[in-house]
Every structure is written in structure tokens, then in C-alpha cells.
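A short worksheet on the structure shown next.
A, B, C, D and E are the chain letters, set down in written order, and residue numbers restart from 1 in every chain.
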Amino acid sequence: MNNWQRMVWDQRELFLQGFSVTLQVCGVAFVCALAGGLLLALLRVRVALLRPLVIFLIEFFRATPVLVQLLWVNYVWPELFGWPNTFFTAACVALALQSSGYLAETFRGALEAIPRGQFEAAGSLGLSRTRTFLRIVLPQMLLDAAPSIGNQFTVIVKSSALVSVIAVPDLMFESQKLVNRWYEPIEILTATAAIYIGFIFLMSWGLARVAGALRRRFGLAMNN
Amino acid sequence: MAAAATPCIRVVDLHKRFDELEVLKGVSFEVHRGTVLSMIGASGSGKSTLLRCINRLEAPTAGDVLFEGQSLVQANGRALGYNEINRLRRDLGMVFQQFNLWPHMTVLQNVMEAPRHVRNMDKAKAREVAEACLRRVHLWDKAGAYPARLSGGQQQRVAIARALAMQPKVMLFDEPTSSLDPELTEEVLAVMRELARDGTTMIVVTHEMGFAREVSDHVMFLHNGLVEEQGPPERVFGAPQSERLRQFLSRTNVQQGSRA
Amino acid sequence: MSDNLREVFDLTLFGEYRAVLLKGLWMSLGVFTSSAVLALALGLGIALLRVGRRPWLRRYAIFHTEVARNAPDYIMIVWVHFVLPLLVGKVIGQRLEFNPFYSAVIALAFVYSGYFAETFRAGIEAVPRGHIEAGQALGMSARRITWRLVLPQVVRRMLPESTNQFISMFKATSIVSLIAVPDLMYQVQMVSAQEMKPMPLYTGAALVYFVIVFCAATALQSFSSRWRAKVYA
Amino acid sequence: QTLDSGIRPESTLAKVLKSGVMRVGYAQTGPFFYKVAKTGELGGIYFDAATELAKQMNVKVEFKEVTFQNATVGLRRDDYDVFGSALTYTMARAMAVDYIGPLYEVGSLLMVHKDNAGRFKTLADFNDPSVTFSVVSGGSEEPRIPILFPKAKLITTTGQAELGAEPVRAKKSDVWMSSQVAVLLMAKRTNWAVAFDPEHPIDRRPSSWAVRYGDYEWKNFLDFWAGFMRTNGETDRLMKLHMDRIGNA
Amino acid sequence: MAAAATPCIRVVDLHKRFDELEVLKGVSFEVHRGTVLSMIGASGSGKSTLLRCINRLEAPTAGDVLFEGQSLVQANGRALGYNEINRLRRDLGMVFQQFNLWPHMTVLQNVMEAPRHVRNMDKAKAREVAEACLRRVHLWDKAGAYPARLSGGQQQRVAIARALAMQPKVMLFDEPTSSLDPELTEEVLAVMRELARDGTTMIVVTHEMGFAREVSDHVMFLHNGLVEEQGPPERVFGAPQSERLRQFLSRTNVQQGSRA
């Protein structure tokens, strides 16, 4: 028990500091992943010309280990594209890439699940394409995809435990440092796991609540 | 009713083919301003497809659709783009069989959306228009409800209000009562009767022969992708010429005879 | 291309060490298939408990799902390998040590059982109530309804989403090297430590993962769309 | 017979002798303990040493692999009797496990990019705010850099040691500090890495094996063995042998 | 038809409440072997709920349902378990409004499933039974097709065949024609007429007044969760007593008057 006090509670500032970095990386990556996933999904569905390329990209992002994505984005991209130039940006980009691949497929599913009639009703009233997408299609897509989006958030948070290979001092990094200080991984890792589990749980629970509340509000909740 | 010089809708030798299947094989007709055309025909005869071509939800394979003399298919020898079609569609209200209300918007939002962002009315004005339309279909008290909470008949009437709010010159109805029970059917037909009385140009695909007979100026029987017979309702129902129409009417009559 | 880039994409090392790397790949596939089968079975069981009628089991299912999905794989693996044997050992009063392969399989199966349980649950709930009621109205037993009416629809409907999960899972096997299970990643690290060229080796590994996942996903996709075409016209 | 010698029966030494098996934990590090990648055979300085020790004790030897991270956990959990791969003395580790007398002294080297090599003439040039070090987390160099080069900046990576050199290759940092073995190997294997003053390793630290605390017989016995290996020059000989072997592999 | 000593179905003071809403407020009636009961009533009056309580797809809040004298709700003072209910349900065939065919099985598999695994027939026997039932609804040629490839009327008939294959003593129909077009409606009603002629006991929820009048031995009008009026069809349709039934019939009559 003494170990818990000394290695976990007394080190709370380090844990917090690492957690705040994790939070930032995941936040930025999540937003980018949503945007990227949406873009890829739209390109895949709407732009026939680019479809093979987009499918390749989606599969490539989904199918390569995130560790390697981190290394590539951080060490290879700057030479190819002159960007990104900080470790933090690279970490966000790499995490976002992976999840945007998954999310692109999720969004495509949601997009294809929207009844044709919804588009046709908008078309028959003369709504512009942009307006139709933003106002009619997007909200329904997000609602439909909410569970998978929640899942993807957990994936991002969990993958973020690897960003320290490119020197981003996240929660996992700080906890490793503590492990290296005392060689007592069990308490420290258990505490770290508790933070991750608690955080992910809170976030996905919150998201599910919001989605559930919206569905109930629209009267869509109790279908079958 | 006096026919204007240019017909409101003119369909010229319209063909539509889905891969193998030729659904419309050359349909031509005209609808004049302020008149009501009913389309009848067996399931699969191409009624919905025809209606959808008029609204350009489907692209015709050949032939033309003219709205007040303007083609919805091409201009100056090239096909119309999405935005051009969209501009024309503003004046063609469509009420779908499946309603197609937007589930994430309230009734009022459903109705206001197009006036506000297609006609670019300001919010107050759009609200006023929407209110008028919803009152017309006796649903103003449901303005704040979401579509999923409405009964079928109510949803159908919201769909009508949504189309009306654009103050279209023509209304297209696709089997507006086919999935409603008798009481709800009556509700929806009442609203349509009222529209007809007010002189709205309408094209109605329907199974309600009674309604077709009572309200329309012109009835068209579609069979196998062709106009098999058309004319004023008295003649079409009273003295059908074609064998196939007689058969169609007798079937529906037998069954309706056995009702009531 | 600069020297550096040429080095990153120089895959000759990969060819040179193909024997060990291939051995690692087999191990990766072994870990993957074992844990995937376990995770599927466990996930299915949990999902059935979750939609079942017994409140306590339902509560356990929720708890299981949440903990499993939310635990970082890395920590889970270390925990299962080092802490779990201590706990179990204390209970049965005997020193226990897990073979790293089993630890890895248990940890991965646990984490992904949570994901699969959620996927299955969504699928079960998407089966229209009427299909179940039709079975009940004909007097079919609850078990028969589950196995014959519900699950066949669930499995086929959830194929695309499960593909996502299988992909994640296959990639996740790369962390078993943490407890010295000699999978592909482990071999790559070993070679890299001796050749001092991590980038080309990791790049090659990524390409291997990519090719395998891509082929498998494409095959699954074409299978599932063929089935859907048949049943959903 | 073991009782006659005065070894407590609960001592690991007694257990090893009695069971006839010595369990040695190892993690793969440099020339000390490694698998030959192409064949998967075990080898290394301490591998040879442990094998020799077992032979002289007339027991069998059993090797168990762990990752470096988990080395001390496995030891304290009694997965093996001695952790026989290279542990460099650090205070943190010494509070968790007991080192045996040093078997060898390792030094560190600094490695820079060849485009940058001209910038650094003396060791003092590295102690400058414009210089960024990269180092891998958990290694014995990590805590030494702030002491040796207080003015320099430091970034820490995790994972494999050689991934700590990547920032230098990508010019995101200026210098990598690592064990002399790793730096020499990298300089030899790649065409961009240059070791700074390779003849003079800096910051020499003892490297050795570790056992659990509280087992005097076992610790004394291994101390004795370590003293022999060092004084005799046996570890030096093995080092040369393996450096040659790895270098030419 | 001669009423047997015990009625085939007896519903005693049935109540059903969903949270706030009391849908059935004490319904009692009997159906004798070999007779046809039609249930009519406005949307939301509780017809489907009543039917579902008879089949125990819903648990009644109070009251009892007896099938050939045996309670479907309780026995010896305790509630029936799933398996006991299930055994009784085998003799109660149900045809749902939404068909509820199993999409992953062919038509034949859909029909064979219950005879084979509930009645435990061997494969050949079950196939024979299924063939007979499918022929009866004129669909034997579609035996190998999947439900999604069938038209609505065909799906409905498969659903009937599936229920028939269990050779139930009673058939329950929930609005079997409400979402079909007139031609398909006629098809389905024809099959039901035939069943009635063969003496199957049936309870039919329907909007088809013509069918109710023609086929049933007894008509029941449900209003607000209560039996508002019941009797032989001639009396219910010819001389309705209650104000509310008159209103209901006039509505549907108006509309049907305006057809044909």
C-alpha cells in the first residue's frame, strides 16, 4: 500500500502532466480524423475518378501499424513534404491518419444507409447540393455513426500510448519514466490503466448519452 | 378551365430504360395550368418513374420534359447541370409516397427549410409562410414535433405542407394515400381536393379511383410503359375503350364492390 | 530521392533476413487466429448475456464490455502476463507462470471480446423484432430462435464492421513482442538492433501488414457483398 | 552434503545445486546477450559467461527471455535465479534489485550526423543551449545527460534504443548518446552516422548481473565469479570476440 | 355453424397497459371452432394489441385468454413459462401485417422451419407439408427464391403458408392487406376466403369492410380499448347501434362511395 502512496499519489503531478499531453494529442487527432474520414468517404462515394486512389489510401491508413505511421510521419514526411515539423504535430497527424481510414468506412456506411428519399426530397425542393449535405445528410450520418465514432475515439486514445516513440511526453511516457525510476511496474501501470479506462469510459459514455438523447428527441430511439 | 397558350407541363415522347428494362416506351401528354391530371395503372407500369422523370429525379433516356416551355433535359443542345435543374424544380412541388420527411428536424423546420434557403426568405417571412401552409393542412399544433412522433396521415400532410411552402406552380403526388388507413386517407384527400379547388396544377398518381373521378380534369391510364388510354374522367371510367383498361377497372371494381 | 529516403525504402535487409521474418509472421498469424477465435466466441457469449433476460448477467456483460474495450492493449498484456498469474496463484495456492504466448492470446482475446460484443449486440438489436415474434408465434424455442433466426442475420450483417475489428486485432498482435513473443515485430526489432537500421525494417513490416490486411479485407468484402446481393436483392 | 557446506537450504545457490538447473533471465542487448538474427541462436558475452559458470557448477542452464522493461519484475517474481544480461548500475535499479560485483565497464559515445560533424571539435562544444540531445528512455544514459551536459536540450524517445538515433538522422536533434557498442555499430552500419571521438568513451559505468536482495550465499558466490572474470581479463576477451562477430555479421 | 361446447378462444376481461397508456380496458369475447371473427376499429384502438395478447406476444396486464379451455396466462395460480406458452402457440397461427419473413432463408426454408423443428417432422415429411401449403397459396414455383425478391402480395402469401404449415387450429391475421395495392389485396383475400370455406377458425383484423361483411360470422368493433359493438355482419354493418360505429362506417363509406 505504501507503494501506491509513494509511486502513484505522490507523483500525481507527473501523471496529470502526461495526461494533459495525451488529452491534447487525442483531441487534435480526433477532430482531424473526423474531418479526414468525412473527406475520404465523400471522395470515395462522389468522385469516381479518384475512387481507386482513395480506396488505396483508406486501406493503407487502416492496415499499417500505427507505430510505423508515427515513424513515417515524423521522419519521412518532412523530407517528402517539408511538414510536419514538430513531434507533437507528427503524433497528431499519424493518429488521425489511422482513424480517418476507419472512419471513412464508417461514414461511407452511414452515407449509403441514408434513404434515397431524403436526398430526393431535398432535390425536389431545389436545395443546393452543399446545403443538402450540411443540413440534411450530415446530421443523419453523424447520428447513425455515433457508436462507431465512439469506438474510434477509444482506438485513438489507446494508440496514443505509442506517441512517445517520437518523443511526445504523454501519459504512457510519464508512467514509463516512473517505472524506470523504481522498477515497480505493477502499481504504476495499474494506475495508468485506471486513468485510461476511466477517461475512455467517461468519453464514450458521454457520447452515447448525447447520441441517445438526440435519437430520443427525434423519436428514433425505440424502433424495433 | 381555360387552357393557356403554352401548356404548363409538356412531356414529349419520353423513354426511360433501366439497364435491360425499358419502363417508359414513348409517353407524350400535356397538362394545362390549373388542371388536375390523374395517372392510373397497374403496379410496375411506370407511373412513379414517369413522375420522377418530370421532376428530373431520374434522367430520361430519350424524349423531353418541358415546364412552361423550358426543357428540363437540355438547353442549347447540352444537358442541363444540377444547378439549372434545381432552379426549375423550385416550381415543381413533389409529395412522395414515403413522405421522406427529414427525421432530425421538427415539422416547422422541415417546412421552413426550403423557403429560407432556396427562396432566401428571412426567418420571420419563412416562418409566416410555413405557418400558413401548416394551418392549411390543419397541423399547426404539431409544428414543434419531430416526424417520428406523427401518425402516417399527419406525416403525409406535413409532406404536402413542405411542398406547398415553396409556392410551386405544379404539385406532383405519388400515391399519396396508398399506405394510409381509410380515415387518414380521407384526411389527405380532403387537403388535395382543396388544392384542386384553388386551381393548383396537379399531377396525381393514385389508386383511389373515386378521387380520380371526382377531382381530376383528365385521367391517364398507363400500361406497359405507354399511355394506353386517356381522356376526361367520365369517359375513361364510364366508357373505357381498351380491353386492358376495362380489365384493370373491373378488378378494382370487384374489390371495391365487395367493400362498403 | 535523397540518401536518407533511399535508405528508408531500401528493403534489401528484408530479403536478407526473410527466414526469421517469415517465422515471425507465422507467429503473428498464430497469435492472431488463436485470439480472434477466442475473442469471437467470448464476444458472442457476452453479447447474448447483454441482450438476455438475466439482470445480473446483463450487468456483468456491460462491465466486461466496458473494461475490455477501454483497457489499452499494452497495459493489458503486461498485466495479464505478470499480475494475473500472481492473483490466480494466490487463489489456488501455487506458484504460476504463464507462457508468454498464452498471456498474449488471453490479453488480446479479452480486449477484443469487448469490441466484438458491442458489434454483435448492435447486430442483434438490428434484427427486426418481427422476425423474432414470427418465430415465437410458431412456437420455436428461444435457443432455436437465437441460433437459427437471429445469429445468421447478425453474422452476415456485421461482416463489414467485424472486418474493421479483425484488422485492428491483427495489427494489435504487433505488441506481443513486449512480452517476448517472437512475432514479426519482435523479429524486426531483433534484426534492427543488429543492423542498426530501424526505418527500412519497420517500413518493410508495415508493407507486410498492409498486403495481408488488404487481401483479407478485399476477400471478406467480396464475400459479404455477394451474400447481401442474394438476400437483400 | 550442501548442508555440510553451511549454505542455507533456502538459498538460491542451494536450490540450484540441488535441482541441477540454473535459470538465467535475459533481454537482448548489444553484444552482451543476443540472438543471431539469421539463425536464432543465442550468443553474447554474458551468454558465454553464464554457460561457462553453469559448466563449472556442474548444473544445466536454462535461459528465459524477457524484455528489458520487465527484467526486474521477472527476477523478483522468481521466474529465474539471476538476470544475466547487461544491467548498467543505476541507483534506481539498485533499490529494486541487488547487483553482483561488476563484470565489465561500459562507456558511452556521442553520435552525430555526418553533415554536422564539423560543428563539434571538443566535448565542451556539446554543452551548449543550441545543441539538442536525443536519448532513449529507461537507459542508463538518460539520467546522465543533464549532469554531463547541463546546458544542452534533451528529447527522450521510447521503444528500441536505435530509434533514439532517428531524430539525429532526420536532423531533429544534433546528437545521440548511447552505449559505446551501439554507437560504434551504428557508425559502421550506416553511411550518415559519425561517432564522436570513438577512441575515448565517456562516462564509464559498471555493467553487471542482478539477483534478488537478501540471498547472501548466492550474491557472494556470483560476486566471486564476477571478480574472477574481471581480474582474469576474461570479459575483455569475450568482448573483443563478440564485437568482431557482430561487426562482421 | 354449430358452436362447440368449449369455445375455441375465450377472452375474459382482458386489460393491457403500456406505462401510462391503458390500451385495452376489459375486453371479453368468444370465438367458436370453425368460425371467422373480424375485428374493425380506428387506428390506435388496440386491435393489434388484442391480437398479440391472444398469441401471448404481449403479456396481458389483467384478465385471461383461454385456448380450448386452457389458459395462456396462468395455470394453477402461477404465470405460464416460456415453454408452456410456446406449446400452446403451436396451434395458433399468426400472420403479421409486416409479413416478418426471415430474409436469410428461401421461401421453402421459411415454411419448413417450424414443422421440422417444432413439430419435429423429418425432412421429407416437412417438405411435403410445405409444398402443399405453398401450392395452396399458388407459390410453389417461388419455393427457391429469397423473400427480398418477392412482391408484397407474394410475401404476404408466403407468410400465410408459413403459418398454415403448422396446421394450426386458429389463424390470427393482422391487417393482412393494408399495405398492398388493389390487385395484390384481391390475391390475398382470395386465399383467406378459401381458408374460411374450409372451416379454419380465424380472427382477422381488417380495414376491408367488404371482406369482413362477406366472410365473417361475427364482427367486433373496438373503440378506445373496449368492445363497442359486436354481432353478425348484417347487423353490425346494416343496423349499427352505437353512434361511434355509425360514424366510423360513414367515414369509410363516404370514401368508398367516392371510389368505383
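As a convention for this text, a contact is a pair of C-beta atoms (placed from the backbone, for glycine too) under 8 Å apart; a residue touches a chain by one contact, two chains touch by 3 or more.
Just so you know, these numbers come straight off a predicted model, no measurement behind them.
The chain with its C-alpha centre at the largest distance from the centre of chain C is B. Chain centres here are Cα averages; for chain B and chain D they lie 83 Å apart.
Centroids of chain B and chain E (each the mean of its C-alpha atoms) stand 35 Å apart. Averaging C-alpha coordinates per chain places the centre of chain D 82 Å away from that of chain E. The mean-CA centres of chain A and chain E are about 51 angstrom from one another, to the nearest whole unit. Each of residues 69-70, 73, 163, 166, 169-170 in chain D touches at least two other chains. The set of chain C residues touching two or more other chains comprises 4, 78, 82, 128, 130, 198-199.
In chain A, 67, 71, 75, 79, 185-186 are the positions where the chain touches two or more neighbouring chains simultaneously. Annotation, chain-chain contacts: A-B, A-C, A-D, B-E, C-D, C-E (touch as defined at the top). Chain contact summary for the complex, chain D toward chain A: residues 69-70, 72-73, 92-93, 95-97, 134, 137-138, 142, 155-159, 163, 166-167, 169-170, 172. On chain A, the positions that touch chain C within their shared complex are 59-60, 62-69, 71-72, 75-76, 79-80, 102, 105-106, 109, 147-148, 151, 154-155, 157-158, 161-162, 172, 185-186, 189-190, 192-193, 196-197, 200-201, 204, 224.
The touching residues of chain E, counted against chain C in their complex, run 55, 57, 82-83, 86-87, 89-90, 92-94, 96, 98-104, 113-114, 117-118, 146, 148-149, 159, 162-163, 166.
Residue ranges of chain C in contact with chain D, taken from their complex: 3-4, 7, 17, 19-20, 23, 78, 81-82, 86, 95, 97, 177-180, 187, 189-199. If you check the complex, the residues on chain D that touch chain C are 28, 30, 34-35, 37-38, 40, 65-67, 69-70, 73-74, 77-79, 160-163, 165-166, 169-170, 182, 185-186, 189-192, 246, 249.
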